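In what comes next, chain A is part of two complexes: it sits with chain B in the first one and with chain C in the second one.
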Partner chain A sequence: MRGIMDYSFIVENTPLYLEAALLTIKIAACGIVGSFVVGIVCCLIRELKIPLLSPLVQVYIELSRNTPLLIQLFFLYFGLPKLGIVWSSEACGIIGLIFLGGSYMAEGFRTGIDNVPKIQRESAYSLGLTGTQTFWKIILPQAIATSVPVFCANSIFLLKETSVFSAVALADLMYVTKDLIGLYYKTDEALLMLVIAYLIILLPLSLISTWIERRVRYAGYGNTGTL
Partner chain B sequence: MKQVILETAGLTKSFDKGNAVLNKIDFSIHQGEVVVIVGPSGCGKSTFLRCLNLLEEADSGEILLEGKLINQEKKNVHKYREQIGMVFQSYELFPHKNVIDNVCLAPLLVQKRNKDEVKEEALKLLKRVGLLEKAESYPRQLSGGQKQRVAIVRALMMHPKVLLLDEITAALDPEMVREVLQVVLELAKEGMTMVIVTHEMEFARAVADRVIFLDRGEILEEEKPEEFFTCPRTERAKKFLNTFHYE
Partner chain C sequence: MQDMGIQVLFEGINFQRLLAGLMVSLNLALISMAFSIVLGIVLGMIMTVKNRLVRLICRIYLETVRIMPQLVLLFLVYFGAAKHFGVDISGEMAAVIVFTFWGTAEMGDLVRSALISIPKHQYESGYSLGMTKLQVYIRIILPQTFRRLLPSGVNLLTRMIKTTSLVVLIGVVEVVKVGKQIIDASRYENPKAALWIYGAIFFLYFAICFPISRLSAVLERRLKT
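Our next item is the complex of A and B:
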């Protein structure tokens, strides 16, 4: 009976999807927060030109941005155990996401810093602020404000990337879907539920970020343009 | 004669190996004096002020603040800048802080002064420039003229020994120019030491104790405003002043 959905199948398997969705959200949340922290730390290291760490950060960012998440996950999950480092698949997912997201956040953050006009720095200097004081009190707050849209976009990007995690045997949404299709051949139903589950997660996130962006823009942070 | 506040000797500056933007400038300003610098666009006025404030590094020559050489060591630049106030054409208030935080930031952070005392002084100065009711506003809520008055207050809060003003009304609508220049005229009357770059010739004439005509990085004339504006000695100064006349 192709073309007609089996609704009882959908109802029956909803709890399974719910559980998977919660796992997806949990991993994404940890990953996003972690990425944010890693991003800021990397950016600070580069901005303050800390020796040794600074080139290391550069290598990390290149590596992270130029390899697909799937490869990174395979390396974490299958490669590292051979070197004696064993992760749970959940830890693996979160670390993989942070590894990927950290560099994106760092780059977004750097753009924010670069967007603060040079003369703002000079204005602070002319009041006698030191370079460090200027960075913390004047540049950083403005950079964070202007980077908000980038952070939001990155968060949504990272959430979507969690779909790759089923590859490392993590019972996330994608995994459950593939599992159900394999078991019962209810492809349409399983895929429909997958799409809906992602929509339910992503839509609020997208709305929240739009709201934050609008608020930040209203606050007029970062735009130093004349009236 | 009163004490010399700021002084340069043989100050030279060029960008990317080009011609000298400033060519061996000898300059000095005394306590309570107001020096106005005029000259055609691109002659080096802003660069000169930025050198005085160590925002730009001079190629050679000396800058002395109350007789102390300040442009040789890198380490204490912020200590010297703290004593030299600067107001920019584009205001450069900090957009993420409200007016009162803008003007109190440096006295608290840099000079580590008492919070109540700083705030009290800030409110007093804001009241003087007619912006008391804007203390809690953010820069984006202010007009250009209001922003510039806040910027002046912010510089004054540091009790600078000398104030550098770089075309502070150039970005303003004509009807806002007066409210800002009025503040500067009052400061001059109170004996504030100032180096002013401006294209407002009427104002220059009213406020200056001495006028410097800068052209192609050199001081061509230096005299009392009455003399400079009525009978400039050089052809180039005459030509420059003529650009402000319409027949």
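Our next item is the complex of A and C:
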């Protein structure tokens, strides 16, 4: 009995996993896009030192980076409805992911901006560009290029974080797995399919991000780039 | 005041219970972290050897751990091991195994990158003074590595603490579980308990992780040379 997989069980339940995987991908995609936008906005607010908003963004970033996603989700899903703010599991998942991801993206972009050599800014000023012009035309394009790998790493991180969504009753991969184990005690089959499902989602992304990282390594000024 | 519901935090020993629950997760995090540091240093040193096969094996281990969500690893150990080895491991045990497994990989990678960032002449000067390989490592390389490692290591600790919150999903009684018990117990007299309990847990985590990540940032600035 031990070590033998029940293949018909696997085939039978593949649609369940497929559905769950699609849900995971959908939520992750919304979360990643949302985080990207929030990240850029937060980063711009801090870079341009907009009064009032800038300290608020700082508080948000610290709160979001120093708490686990699971706890954020519990608060959003079980806590906030007591104030009359009721979300569906899906909305809650996406908002939670954006809340978490936004700060990571913002930090990533900020590092990108910080990494632009100081001489770039100075040269721009000496050519008579204004502060705003320098930021938009000199700093930002270079910063974006260097933060692409960070963006990729964050996207993979967020995709992995979606695994906790079963806690707020989203029928994702973990949820289906736990369900099947509980219902039929087909532990091996369920776990195998879980691992395969995550591999199918994450492996290509991981490979793509490694490739992109190698491509943009010579994006900065002065790196003539040897492939 | 009555319908605010914040009093749920201070009724009886509720707050102490929450703190005790938090200690459970923190304990798991600290134990796993201690193992990860020791094993990670060893792994990091192994990862810098010249043998390609050894490096490949380490690489595969690292990538496998990195690509899988930690919760999946937890499920594998918690549900899988129980069935296959016939051992009924507790959630805590599974958590320590998985987080050590994960932490060792992350720590190993940090140690590796710190080790290769030490200039080659440091090794060579050591050898030319007649020191053995072990002496060079212990007296010259590791002390320098330590300085470079400290900020990212401290940062890993906050990640570890945040990750241990997952153990509630494999049935360990920790802060979230205690919170749920309190909420269930006061469902009728205090329907808004969930807001305050989960809010409190949120800020408890923040209160622990924030100082540590500040420390990491300060160390990074201080030790940058």
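Everything below uses one rule, namely that the second predicted complex is superposed on the first by the 217 of 227 C-alpha atoms of A that agree within 3 Å, B and C clash if a C-alpha of one lies under 4 Å from a C-alpha of the other, contacts with A are read in each partner's own complex, and residues count from 1 in each chain.
We adopt the following convention: a residue touches a chain if its C-beta (ideal position, glycine included) is under 8 Å from a C-beta of that chain, and two chains touch if they have at least 3 such contacts.
As the structure is a computational prediction, the values presented were derived from the model and not from experiment.
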Requested in this report: Kindly classify A:83 by the partners it touches after superposition: chain B alone (first), chain C alone (second), both, or neither?
Outcome: second
Requested in this report: Check whether A:122 is in contact with chain B, with chain C, with both or with neither, and answer first, second, both or neither.
Outcome: first
**Report entry** Partner chain(s) touched by A:177 [first = chain B, second = chain C, both, neither]
**Finding:** second
Report task. Identify the partner contact of A:145: answer first if only chain B is touched, second if only chain C is, both if each is, neither if none is. Result -> first
Report task. Pick one for A:167: touches chain B only (first), chain C only (second), both, or neither. Result -> second
Query raised in the report: So, does A:137 touch the first partner chain B, the second partner chain C, both, or neither?
Result: first
Query raised in the report: Of chain B and chain C, which one contacts the greater number of residues in chain A?
Result: C
Query - Touched partner set for A:74, first chain B, second chain C, both or neither - result: second
Query raised in the report: Residues of chain B touching chain A in their complex?
Result: 53, 55, 77-79, 81-86, 88, 90-92, 94-96, 105-106, 109-111, 138-140, 142-144, 147, 154-155, 158, 171
Query - chain C partner contacts - residues on chain A that touch it in the complex - result: 2, 62-63, 65-68, 70-72, 74-75, 78-83, 160-164, 166-167, 174, 177-178, 181, 187-188, 191, 194-195, 198-199, 202-203, 206
Query - Footprint of chain A on chain C - complex, ascending - result: 5, 63, 66-72, 75-76, 79-80, 82-84, 158, 162-163, 165-166, 168-169, 176, 183, 191-192, 194-199, 201-202, 205-206, 209-210, 213
**Report entry** Residues of chain A defined as touching chain B within the complex
**Finding:** 119-120, 122-130, 133, 137-138, 141-142, 145, 219-224, 226-227
